[in-house]
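Should a chain be cited, it is by its letter among A, B, C, D, E and F, assigned in written order, with residues numbered from 1 in that chain.
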Amino acid sequence: MPMINVKITKEGATNEQKKQVMAEMTEVLARVLGKNPATTIVIIDEVETENWAIGGEPVNELRKRVS
Amino acid sequence: MPMINVKITKEGATNEQKKQVMAEMTEVLARVLGKNPATTIVIIDEVETENWAIGGEPVNELRKRVS
Amino acid sequence: MPMINVKITKEGATNEQKKQVMAEMTEVLARVLGKNPATTIVIIDEVETENWAIGGEPVNELRKRVS
Amino acid sequence: MPMINVKITKEGATNEQKKQVMAEMTEVLARVLGKNPATTIVIIDEVETENWAIGGEPVNELRKRVS
Amino acid sequence: MPMINVKITKEGATNEQKKQVMAEMTEVLARVLGKNPATTIVIIDEVETENWAIGGEPVNELRKRVS
Amino acid sequence: MPMINVKITKEGATNEQKKQVMAEMTEVLARVLGKNPATTIVIIDEVETENWAIGGEPVNELRKRVS
């Protein structure tokens, strides 16, 4: 029944990686909090880098500046 | 003024269906809670099936397995 | 499997009213989109009126001004 | 460390505009609440107009009706 | 920089348990996706059982019925 | 019509400060993106420090450690 929402920038995570993240997070809630994995939902939002800022700077510009 | 956020997997809901969902949910809050429909917002997020897991399994794989 | 999040100001909704809202919204997704009600989640966030603004004005002040 | 999530309809906001919104909102939290801008995150969700309703009406239809 | 939001019903999770959940989820994103743990945020929302429904039924009533 | 959600740790922000944050953020969207302030909503979530982690560490422990 729990709901886990993961927000990351859209920078090439593969389906295999996302699958692993969702499986492991579901397992964490089951093991630590006793939550029923069968009804646990995980949703990953992949956000375009121009729509995400940290330190007031868009990530697409940050990536260019520090690469 | 209320805000309703509906998250569903992206699996072919039509504009007509989404329109009906948004209209009916707005009506529910107006009728049951007396909320002003004029300022009620509904936002539907359609999430790719590989970014949504239930039971620790991505929905795109679940759909293949049970079809 | 869908997730519905309803955000309203905390202004006295009863458990009976909230129960009705959650039941009806679950039914809307089942009837209109064919979603499985057994795994549909509804979460209501009741937000203090001083933490909610519309038109740039906190609702607690709006309520005093227009009452 | 704060997280700001801005939801708008997808109607042509440019990267320059979004950059300015994210920079200014980060600055507001730093100046008014003393929050560390270095770890402040801003995420903009641009939502298709057919997935956003106000007054129970989808924005894509609203735009046609009032234009 | 990622943001993880965990929504659970408020049913007695201890600070130690929540601490472990937040630490492990941060580690998952670092190990699987290479995300920087230093700027990863985890937020746990504990929701009153009368404000959470599954299967259209509030959890506070579900708990009474099945206990 | 836009929706702004600000998540901060619950550490003593006053109503005056929150009011200013909500007014200024509404103004930013109106000035930069031309959004109608009358229907712009801002919601501030104040999260207990034990329910918020950065760097995998709960903020309540972080505050003790660095003070």
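Assorted remarks:
Throughout what follows, a residue touches a chain if its C-beta (ideal position, glycine included) is under 8 Å from a C-beta of that chain, and two chains touch if they have at least 3 such contacts.
Note that this is a predicted model, so its numbers are computed, not measured.
Across D-E and A-D, it is A-D that has more C-beta pairs touching. Interface matching across B-F, A-C or A-B places the copy of E-F, with more than half of contact pairs shared by residue number, at A-B.
A straight line joining the Cα centres of chain A and chain E is 14 Å long.
For the pair chain C and chain E, the distance between C-alpha centroids works out to 20 Å. Residue positions of chain A with contacts to 2 or more other chains are 1, 3, 7, 39, 41, 43, 52, 54. On the side of chain F, the complex with chain E involves touching residues 7, 47, 50-58, 60-61. Per the touch definition, chain A reaches chain B in the complex via residues 15, 18-19, 22-23, 26-27, 37-46.
On the chain C side of its complex with chain A, the touching residues are 1, 3, 39, 41, 43. Within the complex formed with chain B, the residues of chain C that make contact are 1-9, 13, 17, 20-21, 24-25, 28-29, 32-33, 35, 39, 52, 54, 59.
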